[in-house]
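What follows is a set of structures to go through.
The following pair of complexes shares a single chain, chain A, combined with chain B in the former and chain C in the latter.
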Partner chain A sequence: MKVITAYCNLRADECLVNGEVVSRRDAGSDDSWFKQIYKQQELAYPKFYKMDVLSQAGYLASELIKRATPGISETYADDEIALVFANASSSAETDRRFIQSYEGGGSPSPSLFVYTLPNIVLGEIAILNKWYGENMFAVLPKFVPGFYLDYGGILFASGSRALLGGWLEVTAGGTDVLLFMVEEQESGMEFNEANLLHLSQRVAAY
Partner chain B sequence: MIYIGAEVIVSPLGDNAEDNWQALAENRSGIALVPAVGFNKEDIHLAKIAGLNGRLRFQQLVIKALIGVKACIDDSILTSDRTIVLISSTKGALDDNLHDQFGETCAAVMQQFNLAHLPLVISNACISGVLTLNVAGNMVEAGQYEHVIVIGCDVASDFVLYGFQSLFAVSDKPCAPFDAARNGITLGEGCGAALVSASESVFKNTPLQLLTGTSANDANHISGPSRTGEGLVRSVSRTMQKHGIGTKEIDFICAHGTGTVFNDEMEAIAFDRLSLPDKPLNSLKGYFGHTLGAAGLIETAVCMQMMRNGMLIKSLGYRNEGTSRPLNIILENEPKSLRTILKTASGFGGGNASLMIRDL
Partner chain C sequence: MDSLKEDLKKQIIEQLNLEDLTVADIADDALLFNDQGLGLDSIDALELIVLLEKYHGIQLTNPEEGKEAFKSIDTMAAYIRKRKEA
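Up next, the complex of A and B:
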C-alpha cells in the first residue's frame, strides 16, 4: 500500500519532522526564521541564501525529509520521484517584493523576478537532487487531501514510484508548510484523506 | 480513447479558432509596436488584444473562452459533477488582486456556468498549458472525471514585461524563433481552451485523439535552459514510448521556440538527440508572442486546426539557420495531411512537457 514514510511541518515558531520538534524559533535572533532552521540543522547549500521564501521552505522541508528517509535518492531512479506541490497564494509574497523593487524609484530586480512563479521551488529541489521526474504546482483555495490522492494515484499508475507532496503557504501573515514523502510499503501510515488532514493540522503537543 | 476538440483561441488575431486560423493561413501576426510601455518608456513589441483594458481582464478572457467551448459541445455536461474545469496560468489576475490571483476568477466562472466543481488552477510557468492538457487526459483516463475543460490564459502586465526586461530577454523586434538573429521573446496575451473527454458524442465537430505525455525536469537551472536538452529529451521519449509511437509516425512538431538564444538552441539539441531534426517544425510565437500559461493551449489548438485544415503553417520570423543542430523549420505554408503531431513546451523552473495529437 501507499504509505507516508516521512513528513515535515514548518509553523510560525516550530519546525517538526515526523511530529517531533527539531527547531524552535528564537525571537531574539536577527536571522529570519528559515535561516535559523538552516543553521540549527547544520545544512550546507549556499544557494539557500539566494532563494525566495517559498523555495527556502521547500528546500528545508525536503532536506529534513531526506534525512528522515535515508537512502531515498538511491532507492529510486532519478525520474521516479514525482513532486506535487500546491498553495493558496501562488508566489504572492515574492511578487510583492518584485513590485517594490521597481515602484518608488528603483529598477526591477532580476533576482527577484525569477522567483515570481510558484513552481520555481520544484525546480530548486529537482536541481539539488538531480531529480528528472514529474513536477506539478497547483493553486488551491485551501489544503485539500483529495488533490494529492487523485493526482498521486495518476502518477503512481504512470511510472512514478515515490511522491513528494507539499503544501507551501508562506506569506507575510504566516507560515504553513507540510511536505510528505509517499512510497509503496507493506505497512505504515496510509496515504489517505484522514492522515493527510491530520498531518496538515499537526501542531506540537506541548 | 481520449478525445480532444472544441478548441477555442482568443488572441489579438481573433476571438475564435476560425478567425485565428484565417490569420495564420495569411501569415498575419498579432504582434505590434506599442509606444512607451517599457520600464524606461521604451517602445516594445507586444501581442496585445485590442480593447482589453482595465480590471478583470483575466476573468473576461477565461469567461469568453468558456462561452466559446460551450457553443461547440453538448452544453449539458458543463453542470455535471463528472466535469471539471482546469485553468492553466502563470500570473492570473495579478493586477486585480496580488494576494489572491485566481480565487475571484474561479468563483465567478463556477457561478456563471453553474459548475459542479471549483476550477483547479495549475501554475507551472511556460509548460503550464501542455502539462494541464496532460493532467486533463490523465484524469479522464483514470476515470476521475468524464469531461475536463482546459483553459489556458495570461494577460499582459507591467510586472511580467519589466521582469523580462530586467533579464534582458525582450526582443527589440518581433521575436524570431530559431533564426540566427533572434535576440529574445515578445510577450503576448491570450486564452486557449479545449474539451478533453472520454465521450466522442459530446463534441459538435469531430474531435481528435489526445495522446497524453509526460513532463520531466531539467534539474539544471531555474531560469536558464539546459545545455543538453536532457529534460525535453526525457519528456518526449517517454511520451512516444508510452504510446508506442516511433519517430517515423510524427508528421510535425509544434516546438516551444521562444526566440531566446539559449532556449531555441536547447530545443535544437534535444530534437537532434531524439532523431527528429528532419520533421517539419514551427514555433507559433511569431504570431501570438509568448503567452506564458496560455501558450500550450493556444498552440495545441492551432495544431488541431492545422490537422483539420491539412496545412503546415510557416514559422514566422525565421530566416536563417541559427542553431548548432539544423532543424527542418517550415518556411512557407504548405498543404499536408497530418496524422500525428508532437507539441512540446519548456520553461522556468526547468520544466519540460510534451503531448501528441492524432486524427481519428
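Up next, the complex of A and C:
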C-alpha cells in the first residue's frame, strides 16, 4: 500500500520532522526564520540565499525529509519521484516584492522576476536532486487531501514510484508548510485523506 | 578591511535581493557563479552589469571581460580599480 514515510511541517516558530521539533525560532536573532533553520540544520547550499521564501521553504522541508528517508535518491530512478505541490497564495509575496522593485522609481529586478511563478520551487528541488519525474503546482483555495490522492493515483499508475507532496503557504501573515513523502510499503501511515488532514493540522507536542 | 570590497558586497546584497546574507557571509575569494560560492546564474550576471554601471559608472560591454571580472569579489574590485585608472 502507499504510505507516508516522512513529513515535515514548517510553522511560524517551529520546524518539525515526523512530528518532532528540529528547529525553534529565536525571536532575538537578526536572521530570518528560514535562515535560522538553514543554519541550525547545518545545510550547505549557497543558492538558498537567492531563493524567494516559497523556494526556501520547499528546499528546507525537502532536505529535512531526505534526511528522514536516507537513500531515497538511490532507491528510485531519476524520473520516478513525482513532485505535487499546492498553495493558496501562489507567488504573491514575491510578486509584491517585484512590483516594489520598479514602482519606487527603480528598475524591475530580474532576480526577483524569476521567482514570480509558484512552480519555480519545483524546479529548484528538481535541479538540486536531479529528480526529473512528473511535477505539478496547483493553486487551490485551501489544503485539500483529495488533490494529492487523486493526482497521486494517476501518477502512480503511470510510472511514478514515489511522490513528494507539499502544501506551501508562505505569506506575510504566516507560514503553513507541509511536505510529505509517499512510497509503496507493506505497512505504515497510509496515504489517505484522514492522515493528510491530520498532518496538515499537526502542531508540536510539548 | 578593503572598503571597495565591503561596498561591493553590500551592493550585491542590495542589487540581487540577498537579504538573508550579510557582508560577513561573503568571502573575498568565494566564486560568485559556483554552487559552492554564491551560486549566481546568468540572470544575476545581468544584475552585476547593472550594478557596475549604477554604483561605479562602469559600462561592461565585452562578455569576456565579464567572465573574468565576475569571478569573485577580489576580481570585481580589481576590475573596477583597473577601469577607473584607465
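The working rule: the second predicted complex is superposed on the first by the 206 of 206 C-alpha atoms of A that agree within 3 Å, B and C clash if a C-alpha of one lies under 4 Å from a C-alpha of the other, contacts with A are read in each partner's own complex, and residues count from 1 in each chain.
Everything below uses one rule, namely that a residue touches a chain if its C-beta (ideal position, glycine included) is under 8 Å from a C-beta of that chain, and two chains touch if they have at least 3 such contacts.
Keep in mind that this is a model prediction, so the values were computed, not measured.
*Asks:* Is A:134 contacted by the first partner chain B, the second partner chain C, both or neither?
*Replies:* first
*Asks:* Compare chain B and chain C by how many residues of chain A each one touches, and report the one with more.
*Replies:* B
*Asks:* Who does A:46 touch here: chain B (first), chain C (second), both, or neither?
*Replies:* second
*Asks:* Go through the superposed model and pick first if A:114 touches only chain B, second if only chain C, both, or neither.
*Replies:* both
*Asks:* For A:170, decide between first (touching chain B), second (touching chain C), both and neither.
*Replies:* So A:170 meets neither chain B nor chain C here.
*Asks:* Quick one: is A:97 in contact with chain B, with chain C, with both, or with neither? Answer first, second, both or neither.
*Replies:* Touch status of A:97: second partner only.
*Asks:* Could you look at A:81 and tell me whether it touches chain B, chain C, both or neither (first, second, both, neither)?
*Replies:* So A:81 meets neither chain B nor chain C here.
*Asks:* Figure out whether A:31 sits in contact with chain B (first) or chain C (second), or with both, or with neither.
*Replies:* So A:31 only meets chain C here.
*Asks:* Once the shared chain is lined up, is A:158 touching chain B (first), chain C (second), both, or neither of them?
*Replies:* Touch status of A:158: first partner only.
*Asks:* Can you give me the overlap between the chain B contact set and the chain C contact set on chain A?
*Replies:* After superposing on chain A, chain A residues 107, 109-110, 114 contact both chain B and chain C.
*Asks:* Touching chain C in the complex: which residues of chain A?
*Replies:* 31-32, 34-35, 45-50, 97, 101, 107, 109-112, 114
*Asks:* Touching residues of chain C toward chain A in the complex: what are they?
*Replies:* Listed in rising order, the residues of chain C that touch chain A are 15-21, 25, 35-40, 43-44, 46-47, 50.
*Asks:* Name, in rising order, each residue of chain A that touches chain B in their complex.
*Replies:* These residues of chain A touch chain B: 78-79, 83, 88-90, 92, 95-96, 98-99, 102, 107-110, 113-120, 122-124, 126-127, 129-141, 147, 150-151, 153-154, 157-159, 171.
*Asks:* Mind listing the chain B positions that touch chain A in their complex?
*Replies:* Chain B residues touching chain A: 39, 90-92, 94, 98-103, 106, 118, 120-125, 131, 135, 138-139, 141-142, 144, 159, 162-167, 214-223, 230-231, 234, 238, 242, 348-351.
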